[in-house]
Amino acid sequence: MIEMQNVWKNYPNGTIALQGISVHIGKSDFVYVVGPSGAGKSTFIKLMYREENPTKGEIFVNGFNIGRLKPRKVPLLRRSLGVVFQDFKLLPRLTAYENVAFALEVIGAQRQIKRRVREALDWVGLVDKADVLPEHLSGGEQQRIAIARALVNNPTVIIADEPTGNLDPETSWGIMKVFQRINDRGTTVVMATHNKDIVNTLRKRVIAIENGRIARDEAKGTYEYED
Amino acid sequence: MIEMQNVWKNYPNGTIALQGISVHIGKSDFVYVVGPSGAGKSTFIKLMYREENPTKGEIFVNGFNIGRLKPRKVPLLRRSLGVVFQDFKLLPRLTAYENVAFALEVIGAQRQIKRRVREALDWVGLVDKADVLPEHLSGGEQQRIAIARALVNNPTVIIADEPTGNLDPETSWGIMKVFQRINDRGTTVVMATHNKDIVNTLRKRVIAIENGRIARDEAKGTYEYED
Amino acid sequence: MMGRHLREGVKNLIRNSWMSVASVGAVAITLLILGAALLIAFNAQQMSQYVAGQLQVNVYLKQQVTKAQAQQIVGEVQNMPGIRSVQYVSKEEGFKQLEQMIGTQYHDVLGGLSQANTLPDKLIVKAANPQDTVTVAKEIQAVPGVDKVDSGQQVVNRLLAFLSVLRNIGLAFVLGLLVTAMFLISNTIKITIFSRRREIEIMKLVGATNWFIRWPFLTEAMLIGFIGAAIPFAILTLGYRSLYVHVGGVFPILTFPLLPVSAVAIKLFGVMLLIGLFVGIWGGIMSIRKFLRV
Amino acid sequence: MMGRHLREGVKNLIRNSWMSVASVGAVAITLLILGAALLIAFNAQQMSQYVAGQLQVNVYLKQQVTKAQAQQIVGEVQNMPGIRSVQYVSKEEGFKQLEQMIGTQYHDVLGGLSQANTLPDKLIVKAANPQDTVTVAKEIQAVPGVDKVDSGQQVVNRLLAFLSVLRNIGLAFVLGLLVTAMFLISNTIKITIFSRRREIEIMKLVGATNWFIRWPFLTEAMLIGFIGAAIPFAILTLGYRSLYVHVGGVFPILTFPLLPVSAVAIKLFGVMLLIGLFVGIWGGIMSIRKFLRV
């Protein structure tokens, strides 16, 4: 599914965000990416859907060679993924419903859009906020719409960047149950998180990134960052 | 310091976010505001710095009568507060340093701007990111710049909306230490949060909001939302 | 799929109402000025044709030619190719016309001249095509009984030169306005799209293809262009119609005929719609391009 | 404090380079067209003054007046108030001028007229103020030895009417352009500010006063207006100067003098700067207002 070989990322302003990352994430794996603020988790994730291009190294995602991907093919890569962005990235002029439906319209889906969007909104508990614009939603509600959008078109890989950062523990566990269910159906889940409770309770593989390097990669790992 | 009497907030789209909130927060109190996603925490906080106007009820903050405040006086209210917004609200065209300095320039401070901004950046551990634009910072780094901006002009009240949502536990505790220190100097701290660890460890007054009502108000309270 | 894009375009236009009004306003007022200039230019061109149509050849007959012979010559000239009209002016009529032409300033001077002064008989000949005036004059010279032929070559040339200078200034101005209009419209579209670059980036990140993103923007740009062209077109056509009716189809002072409304309206509509629509779309495509590289 | 606002304005202009170029471009090209129209209008006004300055009164002296008496009358008229110049034209000169004036078309007709035909002596008088031409003519009528006075009242009136129609069309067009320029510039500033409404809201939420927010925007708008006025001013002045030098200061065909560069440049600069700067600022103030209500 996802394969990285000695990947480096230098940003134009000189920051070296990743320094030689090699990792293999198989089909229907469930992976937590943890690490301190500014360690490189988001960069690691952005490379997977080609928001950023690697400076060095090879990346394969769902059979696409990220470094050599033609611009025309990028939408195909992204449609095979479901991405929850750290800053949500909702379209401000579209309602909650329309934002979720957008991910289906993009792939040319015509039938059952209504049913599938309702279903996704139901997973995140926001059916009654369907017709509200993002700026009129609370922070956690916006985050849940972003999650619904990532799930709606049954992608083979879910990539989520701190999907519970703005959610209370109860709601967070609701979301984790959805992720678990989808993972059980064979979907790969990659999730950057700071939530020690979740990582230590719902035990999965943990990749710890520190200073742009993989510091730890454990199956059924723990958060391991104590105060 | 902060006084609310039977405050209601109906948003124009019909959502009733607050239904009769009465609360008193005294000088140098430290208050956690907790509650599920969409409960009304941010609305409660937005009323304090008059981003939103109450539909009904009286609010007094630092001696300002929020409901009757003349538009000309609003900047004076806001300058007496330090606010950390849930969505950061950094100025995109200004560097980290300039964003923090802006809060000082606004109050007409001329002297020692450099020293004070450096100091605030030091509290949040981002001195070396001073000259970076917000879009080139990680999520957690942006959040810490927002915190530094709220602290820099020594306000009498700090209002923070989920200030640790994008931070790892270690960094979060660093921020909490800064809040504690400032609170010890007599600054009032009001902080909406989902972080059960912090609330249950650093015991303070807890106001729980559910469905727009105060469900619980305890000195040295706990988070009390178990999964 | 086209249905979705059209729907989205209209929706954006409405939800984004403040910006839409500003854009439509900019396009409309630009095209209003351009349209007004075009109206004047069309009429000026028509005027120059009208004036050129007034060009004539004066044919002076020999003194010994009788009235009967003169009539014969008229017939002969009339049958030559490329002639539109021949008008016979006798000695006596000629004197009256001279008096009039000399006008007020020197009028009394002619008072001393007797009508007995022998003016020759004259034919006023117009060529079917004003440009052929000089050629026609040469051919008539060969007709027997003709003394002198005056095609007013100097006057013709001076007049045509003057008209061409006028036309060039007008053309330069209209072209300048045209370029301005195109620049301003594509600029407005550019700024509109610039203010929505984040949305474009988000769509790209969610897996939209470039054309999926472009179409709603282009329908929107097209609508802006269309409305922005329709408004000034309506204003100008109605304004011109009421002017036309008011002055009775003839421009006062200069007393030359105005172009009828229908003739002007079609050209105007074509030019304005073309600019409004296609510059809008072109500007849209060019400026979206920058933000699609995500 | 002003220092900070100026610094911030310049900084914004530079960091926001894409939008700045678009705004300056829109202002510049709008003012370029307006400026070109103004240049033509200034010269047209100058032309109409020049033509009006050609107005003259023809004074015909009685037949019996001798050359010596004529000189006396010239002196007398010259001493009257409101007279700019008096020119004496003898019978002989008068005949030559008549020949010339009648021109090519009727030239040969005059061939039969002998110079012996008694034309009167003539004075050509110009009023200091062209509008006074008719009044002056009446006063001269009273001078002994004067036979007839022809102020060409009809010609004067027709000419003045024609010029006023031309002036009105030109004025309407320039005014239209002016309004357009003002609308487009304030619209551009509006859109620029609209695309930064979130920033304004954030500043407001952090405790900035309205003026603290406005000033950097206004300096920026002022700079956009200034640069957007300076560019077309430079282009027009240089272009006009080279035209002026090229044609030797006289408009060809019409042979009337062009306004010197220096006289035009100041007016042009004034109008363009005024519009660029103040419309920019005004548009800025009006459109910021919407977003300050936070």
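For clarity, chains are labelled A, B, C and D in written order, and residue numbers in each chain start from 1.
One rule holds for everything that comes next: contacts are C-beta pairs under 8 Å (C-beta built on N, C-alpha and C of every residue); 3 or more make two chains touch, one makes a residue touch a chain.
Quick caveat: nothing in here was measured; it's all calculated off a predicted structure.
> Counting only Cα atoms for the centres, state how far chain A is from chain D in Å.
67
> Once you find the CA centre of chain A and the CA centre of chain C, what distance in Å lies between them?
It comes to 63 Å between the two C-alpha centres.
> When you draw the chains as points and link the ones that touch, which shape shows up: line, ring, star, complete, or other?
Chain contacts: single closed ring, each chain with exactly two partners.
> Once the touch criterion is applied, which pairs of chains come out as touching?
By the stated definition, chains touch in these pairs: A-B, A-C, B-D, C-D.
> Using the touch rule from the top, collect the residues of chain D that touch chain C in their complex.
Going through chain D, the ones touching chain C are 18-19, 22-23, 25-26, 29-30, 32-33, 36-37, 40, 58, 60, 94, 98, 101-106, 108-109, 112-113, 117-120, 148, 150, 152, 154-155, 161-162, 165, 169, 173, 176-177, 179-180, 183-184, 187-188, 190-192, 194-195, 252-254.
> Which of the residues in chain B end up touching chain D in this complex?
49, 51, 71, 74-76, 78-79, 81, 83, 85, 89-93, 102-103, 105-108, 149
> Help me check something: in the complex, which residues belonging to chain D touch chain B?
Those in contact with chain B are residues 1, 4, 12, 15-16, 199, 202-209, 212, 293-294.
> Going by the contact rule at the top, pick out the chain B residues touching chain A in the complex.
That would be residues 11, 13, 15, 34-38, 41-42, 86-87, 132, 136, 138-141, 144, 161-162, 165-173, 194, 196-197, 223, 225-227 of chain B.
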